[in-house]
Amino acid sequence: MNSKWVLLVDTVDKIGLIHQITGVLHRHNINIDKNTEYVDKAQNLFFMRSEIEGDIEQQQLLDELHQIIPSAHVQLKPMAKKNIVVLVTKEAHAIGDILIKHQFDALNANILAVVGNRDNLQGLVEKFDIPFHYVSHEGLSREEHETAVQATIDQYQPDYLILAKYMRILTPQFVESYPSQIINIHHSFLPAFIGANPYKQAFERGVKIIGATAHFVNNNLDEGPIICQNVIPVDHSDSWQQMASKGRDVERTVLANALRLVLDDQVFVSGNKTVLL
Amino acid sequence: MNSKWVLLVDTVDKIGLIHQITGVLHRHNINIDKNTEYVDKAQNLFFMRSEIEGDIEQQQLLDELHQIIPSAHVQLKPMAKKNIVVLVTKEAHAIGDILIKHQFDALNANILAVVGNRDNLQGLVEKFDIPFHYVSHEGLSREEHETAVQATIDQYQPDYLILAKYMRILTPQFVESYPSQIINIHHSFLPAFIGANPYKQAFERGVKIIGATAHFVNNNLDEGPIICQNVIPVDHSDSWQQMASKGRDVERTVLANALRLVLDDQVFVSGNKTVLL
Amino acid sequence: MNSKWVLLVDTVDKIGLIHQITGVLHRHNINIDKNTEYVDKAQNLFFMRSEIEGDIEQQQLLDELHQIIPSAHVQLKPMAKKNIVVLVTKEAHAIGDILIKHQFDALNANILAVVGNRDNLQGLVEKFDIPFHYVSHEGLSREEHETAVQATIDQYQPDYLILAKYMRILTPQFVESYPSQIINIHHSFLPAFIGANPYKQAFERGVKIIGATAHFVNNNLDEGPIICQNVIPVDHSDSWQQMASKGRDVERTVLANALRLVLDDQVFVSGNKTVLL
Amino acid sequence: MNSKWVLLVDTVDKIGLIHQITGVLHRHNINIDKNTEYVDKAQNLFFMRSEIEGDIEQQQLLDELHQIIPSAHVQLKPMAKKNIVVLVTKEAHAIGDILIKHQFDALNANILAVVGNRDNLQGLVEKFDIPFHYVSHEGLSREEHETAVQATIDQYQPDYLILAKYMRILTPQFVESYPSQIINIHHSFLPAFIGANPYKQAFERGVKIIGATAHFVNNNLDEGPIICQNVIPVDHSDSWQQMASKGRDVERTVLANALRLVLDDQVFVSGNKTVLL
């Protein structure tokens, strides 16, 4: 039975890897629709992404690949929609874009639920028949609140958590529960303006361009592997509130691009960087 | 003896091509430093570019590749500077950038000569110790002028001809003499504003963005395969002369990017398009 | 009583205009918060936009300005939300963005109604408690359909009509009913790819950048004064459907920028161009 | 006798300023070709730039303006080429672009001299018949070297000093000698990657966009008022050397844009920011 998969291989580089991997595919009469490799010469690492098609038995293929390249990290994922949970606070532009795309089948994901630490987006989310969980942080310690958020998330077992302007700092414990699964949109052109109110910082510095950054979240706030960035011009007449308003369009677009890449399995995490194939 | 080459393969797609090609490389103990493939599903075409390194015997490798994929178009080029001849008329920005890059070893090419149908750039070119040939079109038919230009070019046997704001229309006979070897910088965002004075056309239409296009030249003026494009914003206060002035920076940058791609053997021509690997 | 207004003046240029106009404002003790002028030297035209604040009597101010510059076109508009009606066909991205912005007070307009010649966006629009009018074109002549659309619009008396991917060609009669009031988002970087399916045209031409154009609609299809344009890169691996998908993000952003300019009274129409102050 | 000037006024804002200033111009029958104002509401500052034309007596006009707005900072500059001195170290791209533009009359400035702390650009500069002064820093303290550089500069009395990849840190004493007259091109998108080797920093952080910043130099390194910025995309396959190579094109373009603005008297310095009119 014909089906489409994405094969992701990352390993230490050595001569003949492409030949060995494509040899396994060839023996199974599997067609390669698209293939990209990247060799990081400095680190001596090899990355390969293949869109493959054929009568594919997942476990058997993984076993054979494991035999020939035992030390490699190999993933074989069906070309299908991922499951996501979205975390929000109070800004509507990022979640709004995701909801519209989801409703009109322009997002390669199923939104299982939205979790908010405020309730003002509940109405919007429920218009689109998506469950909204209001988990207030009022009166709770950071750990207590996160435990409640995590309990809510875990009943859905999502592939990815999307922080669509979720304005709470996450604990290492939380981040480690979802390794390379949490995607954040940061409202600055990182590493410029790390920390609180980047638009105000940008205004005060008098920059002529502002930006946004989508990245995986790791334990250092604003420091995880960057997936996408983009910028727009501003000028002396923009207040920081106007910068924030213009910036929202960039944030939304950058997050949309990052989601497209992640949901299509085009992103490898390598140290604190990403390799996009 | 170790050396570095670029292997370029384009052919009708079929199962197992990557495996076959990398197999030949593997048997010769050739290292693949970088590898990219692209399959054009609509046209059923396969493109592969490999940067390879090892004790490489050019003819033997080509012969073996020919045996296993006889219908493929295979090129094996040393990673080395290409030879170019540049054609100019009177504008200095494009040739100026190329001369500076060449002088400071930032161009992957040897400039063998510059040919101009006017003489006002002679002084500039000769400052850089490059031969300048003034081949005036005055009093000559188009064919007579081209014959003289071609005679000048052909004593150098260049890999590529660069039209750095050469403002003469080329005959089909001339173009066919240098198939996929002539690169032009066009001062508009093609296919908008084909023909004479695109900045004036852009001004009159009231566009908010202008651009430039680098492309291979074929028999249809302004119609060859596009290599690169870029744009900059303009506004109502720009006269067409100011658009032209701002546009020169984009023209220069777009041509520089196109040259980087072409001189590094990253460009396949496929029908009237380019595939950049 | 203090209030904020935008004063827009356009007229034939002559010495002393700024002095005369600001003199009237000064005598009334009106504060100028922001002032911009532009002189089109080639056409000898003067444009001035002032954000003013004070105890302003609209008619009296207009009368005095008329006395000193009788031939000028003078508009005095309160700084307040405009009323708009949006026309759609079946694509959700442009109207979706407008609805989200409207709901969260990020649009300087009241959406009075949405009119669609198909009904598939009815559910989305009504989620946001905006009236949706389904005016099918099935079985009607172009004139009959437009008469029905126009009857629907005219019960709302909007300041502007927004064509948010409305895919019907408008008759001159319709366009003339709303002079400089109809704003369209065109899915190409005009004037490239005028006409049907610009993404397919762009794909076939092999361009490396695609774009979108927001413009006022006049009687020549795709030919009205351009307000904003923007672009994104594409490459050889993008099918025209993928170009269309990526293009939707640009269309949405360009339309959002055009609406910001128009709704803030920053746009003069001058012949077939716009002056943005 | 008819002549063209730029009038620059910056002062504390109050009602009636535009009326008063244009009144003086009107009484002298001076034509305003272009006029722009900006009011910084937060700081209560007023900025006005006017391109004026007529039979203008500089001192008389300045005196009258001083009488009506005594506390204002007023500058009246002829629309003419500025005089510049360029400082370089060893990179050719920025000075190369300036030399070519100068030679072909595309720079609104006279290059009086180039000063280098290395001599490898001497040949290039002298090709263009511009004096090159080699002032080596070898064996000198920072202060001794600067004294020598300053002595060289001061024999030319330039309007502006252009740091075209001059890689020496300047002392406060030096910077204070040329207030708002020193323009630097910094090879990063400030404030990201302040300090040494920003391309290496950018590579290590794994950013997806790099940029360049042109700014006035003040006493805090990399901290002066920003004039222009621009960016280009990079990806995982770019080494920091390749980022530096691509970055050079942006550096050159950003510096060219900054020079256009400064040399046309479009830049006000306001605190640590610029206002571009």
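Here are a few things to note about the model shown:
Letters A, B, C and D mark the chains in the order given here, with residues in each chain numbered from 1 onward.
In this text, contacts are C-beta pairs under 8 Å (C-beta built on N, C-alpha and C of every residue); 3 or more make two chains touch, one makes a residue touch a chain.
The structure displayed is predicted, hence computed values, not measured ones.
Taking each chain's centre as the mean of its C-alpha atoms, the one that lies farthest from the centre of chain A is D. Of all residue numbers used where chain A meets chain B, over half belong to both copies. The two sides are thus made of the same residues.
Averaging C-alpha coordinates per chain places the centre of chain B 41 Å away from that of chain C.
In terms of their C-alpha centroids, the spacing between chain B and chain D amounts to 35 Å. Contact with two or more other chains is made by residues 34, 38, 237 of chain D. Those residues of chain D lying in contact with chain C across their complex are 15-16, 18-19, 22-23, 25-26, 29-39, 41.
Residues of chain D that touch chain B in their complex: 34, 92-93, 96-97, 100-101, 103-104, 106, 124, 127-128, 237, 245, 248-249, 253, 256-257. Within the complex formed with chain A, the residues of chain D that make contact are 38, 40, 42, 189-193, 205-209, 211, 225-231, 235-237, 239, 270, 272-276.
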